[in-house]
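In what comes next, chain A is part of two complexes: it sits with chain B in the first one and with chain C in the second one.
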Partner chain A sequence: MKILGRNRLITPVIIQTLKAHPVILALIALVVMFSGLYPERFLTPLNFSTILRQLVTLTLFALGPSIIVVTGSLDLSYVGIWMLGGILVWLLMPILGMFSILVIPLLGLATGLLIGVIQVKGKIPSFILTLSLLVTYWGLTATLSGGYPKPVRGYEFITAPLIPYLPTAFLWSIPIITAAVFIMNRTRIGTYLYAIGSNEEGVQLAGINVDKYKILAFTLSGLFTGIGSIILFPHLGSAAPVELLLDNVVWPLVAIVLGGTPLVGGSGGPQRTILGALTVAVVWRGLLLSLLQPEAIKLLVGLLLIVSIVVGARGLKGVTIT
Partner chain B sequence: MARLLLSREWLRRNMTTVGPMVAAIAIIAGFQVINPFFLSYQGITTLVYAMSYFLIAACGLTFVIMTGSFDFSVPSVLKLAALLCVLYIDKLGFLVIPLALLISVGFGFINGLFVAKFNVPSFMATLGVSVVVEGIALYLSKGFLHMMYDETFRALATTFIAGLPSIFYWAMGIWIISTFIAMCMPFGRHTYAVGGNPIGARLSGINVERHRIYVFMLSSFFAGLAGVLYMAQLGGGSMLIGADMPIPLFASVVAGGTALTGGVGGPHRTLLGVIIITWIQAGMLMLAIGRDTQMVIFGLIALGVAIATIDRRRIKIIK
Partner chain C sequence: MVTPMDTPLLEVKGVSKTFDGVVRALDDVSIAARQNEIVGVVGENGAGKSTLMKILVGVYPPDKGELCYRGRKVPFPKNPKEAAKRGISMVYQEKGVIPRLKIYQFLLLGYEDKYVKFSRLQIDKMKKHAREILEELHVKCDAEDFMYELPLSTQKMVEIARAILSVRLERGDANVTPIIILDEPTAPLTVEERRELFSDILDMKKNASFIFVSHIIPEVMEFTDRVHVLRDGKLVAHYDSSKEKITEEDLFRAIVGRESSEYIYKPEVKRVVSEEVVLTVKNLTKNGCYYDTSFDLHKGECIGIFGPAGSGKSEIIKTIAGLISFEGGVLIVRGQKVKADELPHVRLGRGIGYFSGETGKELFLNWPIVKNISIVNIEKILLRKPIPVISFNAEKKMAEKIVKKLRIRAPSINTDCYSLSGGSKQKVSVGKWLERSPDILLLEDPTIGIDVGAREDIYETSLEMKKSGISMILVSDDPKEYSILCDKIMSIKDGRIQKVLSPENLRKVMAA
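Up next is the complex of A and B:
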């Protein structure tokens, strides 16, 4: 009798979870498919550890922007913060020593604040604002570095392996993700940001200072990207890159949308982005292991992007500028 | 006093026309002072080459921005059209040009479909399509540099007529046609209406969704045409074609006075914007300012013109 009761409870809970997160189904299907097609390559500890590494990269890049997508705007500046931050670390290394890594969160904070103030006061669509800033940061990075990647020594201890097959960067990212999820789900700031995403005019009429909270959202996004970049910097090779890859910009966005944060805003959030990032990482690894041509892989992931965007934009009405 | 007020009032009302003109004259004068080579015959040929393909692509993008949307895929479609020409001219001959244009228009149709029917934000939709287009371009070209050996094809853009290369006349022709479409044809009036007030446009009987699709198709068609002619101009190319284009292209349309909010501006204004942006680019190249520094400058210019042109009275909420 007891067992029956438990069964009655478990099934609806599973159905409820799957309804709320349809991406889980896709994730399971993908894992089963890749395991079935080439188990000898896919079902290895090394592969899972690589998937986790990719997950860390995607999640840390996508964490800040997913806060912004909840409010209905877009933030593309994350790769710029990571790139410019890396070159600033290289520049400041002789002066500040090991403390120079702290320049990345400061840069993130300043960038977020700047974007927020310009977006709110200048009323510029956030995507074009952050895109221009991203290109500016890219150019600054390349100018400051003289056109070559600059390796920085001394931060390898951050990602030094502790547990076999479990990337240390993954352990580091857990408190950061928790902080973001906590802010979005358990504080007044988070509630207001969800409200701004679903009905900005209504929030304004309710007497909440929308401008203040939007600036706060962009600042938080920049700060989370900055803190994440401390880990991403050694995680992605301890060198300040000088070339902007469109993939680095696009994939965190796909992780956000695929995770279930619609571009219109108002729902979703950082906790869902992790799921999206995991799906993207599995797809990426699965396709890489499939021994297809690299060009064909690029084409396939592009199609995935389009599908996820179309799915993520369901129910978007009355948005003129985007 | 009254005259002064009047002139100030006039200036404020015509800022979007006067501003770009002053900027263009200042840029030409400035570069001419720094580098006397700027306005020599060869200098002008360089400037014309730099602006022509850009103007064709920018005219198409202008229509999209006039409707209040954005087309991120223009540089990618341009790249694909250019690479299609160089890859298949041996097999197909000149049939490759209609093929490239047809494929370009097809991607424009997909863009429009996503934006108008699926309600995807135009920026995200066109970003996604451009990733696919880049993927196809990479798949076909394998990332190599391909050279164009067909001299008749190259003559499309490089024949000199009255001292200027023929791509300049193509660009001027496209610019005049675009201006004519925007000013004198129902298509243009509908574009302004859709950008200015989509609900009003729908109520007055315009099929807004279909019109948005047409606009994206037009944009991609011009992007494809620019790609074909650019390939004829360059005589070869790789995946790097149009790689640095998105921000300057956007900046040139907006600098001309077509605000991101839609409903104002037009292709006739884009000519000035293209002159400003591409001549800054060419001038900086003549002064040996590198691509990296150019990127910083164009990023800031794009930001500046977006802030300067946007119409804040018309929008309450901006995301």
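Up next is the complex of A and C:
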């Protein structure tokens, strides 16, 4: 009887959670599949540690942009902020010493503000605007660095191992994620951003300054990317990068959409992006361990993005997709 | 051609259509269009006009019904191309024009394959053909201009020419009489442009038959030969203006139905108007929309701006809301002169709220009721310490209060708004403003497309708000609403205020 009683309580909660986050089903299926296919490679502490490391990278890159996707726009500048930020740290190291890492969040903030203002005042589609900015930052990074990656020493302590198999970067990302989720769910800003994605005209009719909150959204996105990049910088090798890797641009997008934030905006958000990032990390590790060709893995990731966009686009009731 | 004059060119018989198995959009509707006539189809929003037209051009399949073309039964079209084969083509209310195409490209869009020679487009032949059509139909424009360069009324004419052309090309017969459906063609036009468009359409009558869909009564009266009236999905009246004389009031009564005479206006609830002026409008002008509008709005007063659609009433209220700017005159809100291009959020800061009954415009349909109510009232539910955080508890209490007060029928306050009925949706929109209680509330068509019960609830709430000192301005298509809510009614025509009426006077005018 006791067990029955508990079931009555738990089952609806589980069903509701799965309904709200169908990606959990996919995640479980993937873990079961990979564990079944090659348990000796997949079910190891080292592998889970690697998945977590990948999760950190994806989440910190995707966190800011997922705020933008909620408003129905797109922000691709994250990799640019991380790259240019890295090279600025290297440049400022002799002058500012350890404080030079703080240039990355400042850069993120400024970039976000810039994108927001241009997008709102110029009424330019955010996709093409942030893509151009990404390419500009990439070019700037390459010019400033002279074309070679520049190693920067002294920030390894940020990601120094504390607990075996649990990446310290993962611990750091928890408060950052919490802050983003909090802003989006418990503050006026978050509410208005969801509203803009759901029905922009309605927001205007409700007497809310749409432009201000759109600029704020991009600023927040840039800021979160900047703060995240403090962790990502040592996490991804403590060197100012000069190569723009398409993987770094695409995978976070897959994480956002797969997590259940449709590109039309109005629902989803950072909390969902974590789930998406975890799924992508599992897929990535699982495929890597499968000994497939790297090219084939890229193909599969591309297909995954397409499928998740198609599925995600039908998820919104009451919102016309244009 | 050989069709006898009394056999209708197109006949629709007994059409019914149900959506999702519940909403009865059309119920046994029959209409006909004869050779070279303009037949009006009128009704309120939600009466089923659009559904019927969409069935005619193959957007929706009907559940039941027949279609006869030249007296012969034909199956309903499955898409607009098939509709054109049966002689029917539609000119949409908006978004029909592709601005960056040249006129000849736009006219022949989709029929380029008729001008291909050795896989190359014969541009000269296309231009020549386009010019011939434009000339034949007296459309005054050059085939090589871009669409966006034309005035709106000429753009509409090109669209009509394109509709006629598509029927001719689909049937391969240049002498066929196409049936052109005009869906609220005058909606984006100014008064002068409307005139122009209509004289052009009358010119075209010898080339085509028109089904003219509208809810603007004077237009329908002036330009149609016969009128079908739809209400709640049913055909309720049919007038033939060549045989009988009808007045605007007759038509109005048929469209709105029931209540034209029974007003629930109660003199005792009115006029607790104070001397305090909250809003002054002086010589407000926006060219092409309204001119020299002046009035004072007192605290706790409701002023109605009454006139036909397109008279400028909607533009005036939108100007005060900050949705459109004005060109001349002064707008003073609580003693402060305001700038012409202020946005709605600045106006709300001055205490002006705007409520539009147009479905889906105000609401966040994928959101639950509770969020839709709190969106304009977030200030009230923030916990201040240490950072402003939304209190879900206060939010819930606020929503529950409103749901109870307005008798919103919903399973819970967490029900998503898209699943609510039209009346409940409207009540949620009204409810958020009730909670916010701005100094001045602008109401535009507050009860459009909702049932009587919900209407009464909304009236009651509005009167209550008025009693508590909120001033209101009302714009509506329903005269009954003015006499219930307003203390003063200004009638407007062609953008100019005609006279100021009391509710009793309006009642007399409408009853006469």
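Following the convention adopted for this analysis, the second predicted complex is superposed on the first by the 310 of 322 C-alpha atoms of A that agree within 3 Å, B and C clash if a C-alpha of one lies under 4 Å from a C-alpha of the other, contacts with A are read in each partner's own complex, and residues count from 1 in each chain.
In this text, a residue touches a chain if its C-beta (ideal position, glycine included) is under 8 Å from a C-beta of that chain, and two chains touch if they have at least 3 such contacts.
Quick caveat, the model's predicted, so the values are computed rather than measured.
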First, second, both or neither for A:V250, with chain B first and chain C second: first
Touching partner for A:G266 - first (chain B), second (chain C), both, neither: second
Contacts of A:T44 with chain B and chain C, given as first, second, both or neither: neither
First (chain B), second (chain C), both or neither touched by A:L140: first
First (chain B), second (chain C), both or neither touched by A:L205: second
A:L74 touches, of chain B and chain C: first, second, both or neither? first
First, second, both or neither for A:L305, with chain B first and chain C second: first
Touched partner set for A:A195, first chain B, second chain C, both or neither: second
Touching both chain B and chain C, residues of chain A: 201, 316-317, 319
Interface residues, chain A side, partner chain C - complex: 186-188, 191-192, 194-195, 198-199, 201-210, 266-267, 316-319
Parts of chain C lying in touch with chain A, wherever the complex brings them together: 323, 343-345, 347-349, 353-354, 356, 360-367, 371, 374-376, 378, 382, 387-390, 416-418, 432
Complex contacts: residues of chain A adjacent to chain B: 71-74, 118-119, 122-129, 131-143, 147, 200-201, 246, 250, 253, 257, 263, 265, 293, 295-296, 298-299, 301-303, 305-306, 309-310, 313, 315-317, 319-322
Touching residues (chain side chain B, partner chain A) in the complex: 68-70, 114, 118-125, 127-129, 131-132, 134-136, 138-139, 142-143, 198, 246-247, 250, 260-262, 290-300, 302-303, 306-307, 310, 312, 315-319
